[in-house]
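You will see chain A twice below: alongside chain B first, and alongside chain C after that.
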Partner chain A sequence: MNALSAIVQIAGGALAPLLPGSIQTLKARLQGRRGPSALQPYRTLWRLWRKSAIDPEGTGVVYWLAPPLVAACLLAALAIVPVAGHAGSFGLGHDALVLVGLLALARFALAAAAWDTGNGFALMAAARDLMISVFGEALLILVLLIAALSAHSSDLRAMSTAAAGSHIWSGPAHWCGALAFVLVILLETGRQPIDNPDTHLELTMIHEGPLLEYGGRDLAFLHWAAAARHWVMLVLGAQLFLPHWGGFAASLGLLVAGVAGLCGVLALIETAQAKLRILRVPALLGIGCAITLAGVGMWVAGVGA
Partner chain B sequence: MGLLGAGALAGATTLGLGGLLSACGRLRAGLVVQCAGMTLLGVAGVAVLTGGEVLGAAFRSTIAPALGLDPLSGFFLAVLALTAVPTLVFARDYLPSSPGARAVGALTAAFLLALVGVLAARDLTSFLAFWELMTLVPAAAILVARRDRAVRSAIYAYLAITHLGGAGVWIALLTLAHHGAIGNPAALATAGTGAQTLVALGALVGFGTKAGFIPLHAWLPRAHPVAPAHLSALMSGMMIKIALYGLIRVEFQWLGATPRWLGLALLAVGLVSSLGGVLWALVQHDLKRLLAYHSIENVGIIALGLGASLLFADAGQPTWAAIAFAAALLHVANHAIFKALLFLGAGALERAVGSLELDHLGGLLRRMPWAGGAFLIGSMAIAGLPPLNGFASEWLILQSLLHVAFYRPLGVALAGAVALAGLAATAALALLCFAKVVGLVLLGSPRRAECAAAVDPPLGMRAGMVALAVLCVVLGLVPGLVVPTLTGLAPGAHGAVLALHAGLSIPGTGSFPALALALALTTLTAVLVRVRGRRRAAPTPTWVCGQPVVAALDWTSAAFVKPLRLVLETLLRPRRAVEVERSGGMVQSITYAGHVPSLLDTSMYEPTIRAGLRAASVARRLQSGSVRTYAAYLLGLVIGLLVIVHTGVLG
Partner chain C sequence: MTAIEHVAPHAWRVTVADALAGGERFGGAWASRRDGHPTWRALLVSPHGLRVVSCPASEGHLESIVDLVEAAGWDEREAHDLHGLEFPGHSPLRALAAHPEDPAQWMTPVSGDGVHQVAVGPIHAGVIESGHFRFHVIGERILALDLRLFYKHRGLERAAEGRDGAGGLAYAQRACGACAVANTLAYAQAVEDAGGLQPDRELRSARTVLLELERLYNHLHDIGAICAGVGFAPGSMAFAALKDRAQQINQRAFGHRFLFGSVGVGCGAVELDASSTDATRGALRELHADTAAAWRELEFAGSLQARFDGVGVLGTADALRLGAVGPAARAAGIREDVRGASPRLAYDDFTPASLAEPTGDVGARVRLRAIELETTYHLLDGLLARPLTPGRAVAVAETATLGVGRVESARGATMCAVELDGARVARLRLRTGSYANWPALAHAAAGNLLPDFPLINKSFELCYACVDR
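Entry: the complex of A and B
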């Protein structure tokens, strides 16, 4: 079973671009357009792969190293995050907080690369990304805490197993966690209302900003990393905060359904909700923190258990 | 045992000799001898730490001087040696061209001896004597090296605040000695909760002032930046840790039963210090001041680990109590190492470029690959990025706080959850801050001609920095080799509670195999670099909407922090002044000045100082200078006393 889940984990890297692709397609349909096919990200990656990367004048090793490092961080994250409660033994552990550290390393690499180019637009976006991540990281870790409460462990496999079945839904804590995790997904995948993945106006972008100076295979790495971030977050959300039960096969089926459902939710939110003013985002994330703290309090007090 | 003791004594003597040599004009030789002395002391510390035995005298409540070492002292001594030896190697090439070099060199040895003395003191008098020396010697060294008025005022603030707050240390230790409780926790347990509370609070305020806990921190960002680089490194790296050593001794070992409120208080202090420290670090424009504020952040993080340890002990979880304690100690070591590295780096940069104003640097990684590379590693370590040492200890402290939230009572669990979120936000803020520092100092294009012409410092300075950077990497790769030993130092722990691994494999976590993770990241990055192949396109200028790239468009420190400053405007309260000069309807020039004052300076210290001065001016009216008035005072006093005696109030 672990070997099988290792295969699914690795396949996640190949399937990841499908997620932003299908969200874009769904969104277009919801808005009455035909839109690009769900395979469009693969075509984009293939197009970029055949182009040469470029070096802006005056950049050095940090700019040169950042895209492979970001992609490597996401690859390691794929190895850490289990699927349907199981994971292959890659020897990297399965700790939730190590995952947070890896995402932070990727964020730092991109911000440093933005400084290396000296591009004002890239830096503007990097500064916003890091500002939001201050509140986002607090929220992410609190949501992980809620998921860890019933497992008494920060091992993602144990957390997924503990969230299986229907009993967990009888207390309010898990509901709080699920609600807050939606915010985490929106933030980490860079979707509306926090960030707009469709915009290519330099003044408004957040996650796309530091990518401005990259081209060719460098840009392909970064596009893939953004897609892999979708995979990590949606898979995590589906197995920590969506109902699942039964053996590995049943859980895997429910996981696929859950990820597809979450893609639909994201498309729906993007259709219905305009982008927030950037300075309002911390308040939104703060509300998420308050919800999770309430959840932790109710769990420890034993409400509904 | 005899050999170890002799080694430690020889080390201290050598250190003293090194100081004398420096004073006699053989500065470089003196610093090398000091290095040898610190190495001997460090070896003795490691031997005591791993051997688990007690060297020399045990703790006693008398006033007869006594010296000795136990494993906890041994750990701090080892960390002191690990930071001091590279710092002294750095100083060998750094110090000779500084003002007052000979005196500063001798005072460095005196300072190190005072630090070692606090760790080795086993009785009341020698502890307090070394403790005061530890405060006074660096003040003297700074005054010798820098003579301007601003520095004198900073040193005055340093001495005033640390002595006012330091009274807490005296109160705590004298109360302990009065009850015969130094080294004997049972004695204070019988003395009642009143004495216990007094000791706990006194130690928290006294040692907390010296450690730089907010709100008692105001001296730290003033005093640390004005010292010569190697002294800044030792002050920020070790002096404030020695204060934490005192805090651990009193609160963890001599208090008898530890009350729950103390754990919660440490969590609160740690949370406020870590968040406050990093927030005000973000808005500094001077590199050394920024680093000093980060020291406040990091002692806050250590306090979070210590508080979690107390709460676990209270909740009956001895294993996690030991792990949280070890996490705090590991962060002590890690912070000492990367903070020393960063301060040394700041010194090297200042030598090379002549300024530490963040907006005046840039492009130094390429021009100073050794110093810049080491500085980059230190920055990534302090930002808590895997796989460096800062992440290992922050991961352990985060895990501890996460597990605090599992256990009742509700208040403790919620405190753990809030502290957990606060520490996560602190880590993200530190990331923001050091992304800014790395970008402004090391990357991009040079912002001044001096930066373009900068070259790497001489060998000694490079070697000191590289050694510390290597330590950052090694401790990040194999934290699991150190942590089990440290868990054995926790009060109530009988031997190590964890097995020896390279990584951190702890029950209740998903485990952090640091070495494997580092290997995986390096291999994957290398493979991806290889897959990417060569670049075929020619270099292009950066995209600025088609405009030419000019220096005036360079992003600044204030600009990078602006989003956060806008969000937290109510807390940070920036002050800015914009002057627009017009003539004939045309704008001729615009000058902008902005700074963010420390909230506690404006809302706590300034009003207190104003009230104190006002009270003094009222009291001054009593001093008329006329003999008759003083005679009247005396007469009033005598009559008052007679009335008191007559009414029998005094019994």
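Entry: the complex of A and C
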């Protein structure tokens, strides 16, 4: 089972672009457009991969190191996140806090690269990303704490196993965690109402901004990393906060259904919601933190357990 | 016929001050040459009609009136850059059409702890015209905004000189695609005004239909663009579809999606027989029902409405001071619409649209457009009740050397002044609604968040091309 999980984990790297691709396709259909095929991200990656990278004047090691570093962080994240409660042994362990650290490192690398280029839009977007991530990371840690409490472990495999079955849903804590994880997904994948992945308006950008100075292979790394973020977040969300039970095969099937369902939810939210005013985003994430804190509090108090 | 009053340089400021005190409004100013001497002219608008005050600037300078009427600021800056006039009292006289390298020559000096500049454009990521925005910001907050337009200055006004009255029309039209009818109509009215001509009833209704069809697709587009500005896809898609249907109606009825070539000088250029008017009217009625339904959807979209209130506020006093026109001014509580005083068009008993709460923010400008769309549909339905025949303009007065036309475009009052030398155009000046509103946009943006600027910008939706000319 672990070997099979390891294969799926590695396949995740190849399957990840399918997630933003299918969200895009679904969204187009919901908005009455034909839209691009779900395979479009692969075509984009292929096109970018064949192009040479650019080397803006005045930039140095931070600039050219950032894309491979970001991609490597996400690759490591893929190795850490189990699939259907099992994972291959890649020597990185499966601790939830390592995942938080890797995502933060990727964010830092990109922000530092924005600093290196000195591009106004990139810096502005990176500053917003860092400002929002102060709240976002707190939320992510709190949500993972809820899952860890019932598992008595911060090992993602144990957390996934503990979240299986119906018993976990009898307490309010898990519900709070599930609610807040939706916000984590929206933030980490850079989707509306927090960020608009389709916009060309540089002044409103958050996650897209630091990518502006990149082209070719570097941009392919970053695009892939953004897709891998979708994979990591949706797979994690489906395992920790969506109902699943039964053996490995059943869990795997439910995981696939869960991820597909979450893609649909993201497309729906992005269609129905306008982007939030930027200074409301911390407030939204703050509400998420309050919900998770309430969940933690209720768990500690033993409500419903 | 537009009255023209010649005043001496020493009486220039007094005349303008008296006119403003008497309730007249500034409608634009332009430089021209008379007997080899530079002359400065200003249009004054009152409910009774138009009046041009002309003053020689023999030595190339004339006292500024910018302290009396701030709306004249851009006119004076343009005249300085393009005609070499000096305006003592207008200090600093920043570059407008010229693009000096030294930032001090065109930017507002803004300094302080943590204040920095963000430069956007002239090349943008989307399909947007060329314009450079220099934001002075602190954190995410805009302190001031400097505009640099005129990247697509084609010298259309100068190129039109020497053409005959009908030949100059093309230059007014090419100023801008989305305001083609308004610009050509203002031009045609100016030439007819100089020629002592008055359009007959047929010509008046045909032109009114064209002007309203132009407003229709522009307003539909603008509402959709505002939705796109905040990433509200259902709204932007619905209104983009409605706009295209409106342009298809233009194509079917008049052979051009942007209604090019639909205005003639002194005569009509379009004709619509009974079956075509019926078909157009029917299509417009369907469009009307669908527009109303799409608008209701927007009114109930909470996440969209939450972005509107209190953003990009243009107050009544500021709108008046800066000479804002069109939907932007009406959303700020100024009940002015050229359509209410257009004897050359078929707007009988027209009342300008108004809001119960003219808050002057993005929301007010969107809602005002929705109200104006209703008016436009009703006007079109009435005017298309009978076939359109070309009509013509008939002589009612002596000819003159100067004529002024003024129409309400989708963006506000568009003024065109034409000076004739015999049958030839000696000077053409096109001052569009966008030209009047850009300073108001810069003012409304200050104090807002930088990521809200695209939304504020789209709520004004000003043209660059017809400013650059």
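By our rule, the second predicted complex is superposed on the first by the 305 of 305 C-alpha atoms of A that agree within 3 Å, B and C clash if a C-alpha of one lies under 4 Å from a C-alpha of the other, contacts with A are read in each partner's own complex, and residues count from 1 in each chain.
The rule we apply is simple: a residue touches a chain if its C-beta (ideal position, glycine included) is under 8 Å from a C-beta of that chain, and two chains touch if they have at least 3 such contacts.
Computed from a prediction, not measured in an experiment: that's the story for all the values here.
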{"item": "Which of chain B and chain C A:E270 touches, first, second, both or neither", "value": "second"}
{"item": "Touching partner for A:I278 - first (chain B), second (chain C), both, neither", "value": "both"}
{"item": "Most chain A residues touched (candidates chain B, chain C)", "value": "B"}
{"item": "First (chain B), second (chain C), both or neither touched by A:G120", "value": "both"}
{"item": "First, second, both or neither for A:G216, with chain B first and chain C second", "value": "first"}
{"item": "Touched partner set for A:K27, first chain B, second chain C, both or neither", "value": "second"}
{"item": "Partner chain in contact with A:N196 - chain B first, chain C second, else both or neither", "value": "second"}
{"item": "Chain B versus chain C as contact partner of A:T44, first or second or both or neither", "value": "neither"}
{"item": "Intersection of chain A interface sets (partners chain B, chain C)", "value": "120, 124, 128, 202, 278-279"}
{"item": "Contact footprint of chain A on chain B as seen in their complex", "value": "363, 365-366, 380, 383-386, 391, 395, 398-399, 402, 405-408, 410, 413-414, 417-418, 420-422, 424-425, 427-429, 431-432, 434-435, 438-440, 443-445, 503, 505, 508-513, 516-517, 520-521, 524-525, 528-529, 531-533, 535-545, 549, 553-555, 559-564, 566-567"}
{"item": "Chain C contact footprint on chain A (complex, rising order)", "value": "27, 31-33, 120, 124, 128, 192-193, 196, 198-204, 270-279"}
{"item": "Footprint of chain B on chain A - complex, ascending", "value": "52-58, 60-62, 65, 67-69, 71-73, 75-76, 79-80, 90-98, 100-102, 104-105, 107-108, 111-112, 114-121, 123-124, 126-128, 130-131, 133-142, 144-145, 148-149, 152-158, 202, 212-213, 215-218, 221, 278-279, 282, 289, 292-293, 296-297, 300-301"}
{"item": "Contact footprint of chain A on chain C as seen in their complex", "value": "118-120, 124-126, 140, 227, 229-234, 237, 241, 301, 303-304, 306-307, 449-454"}
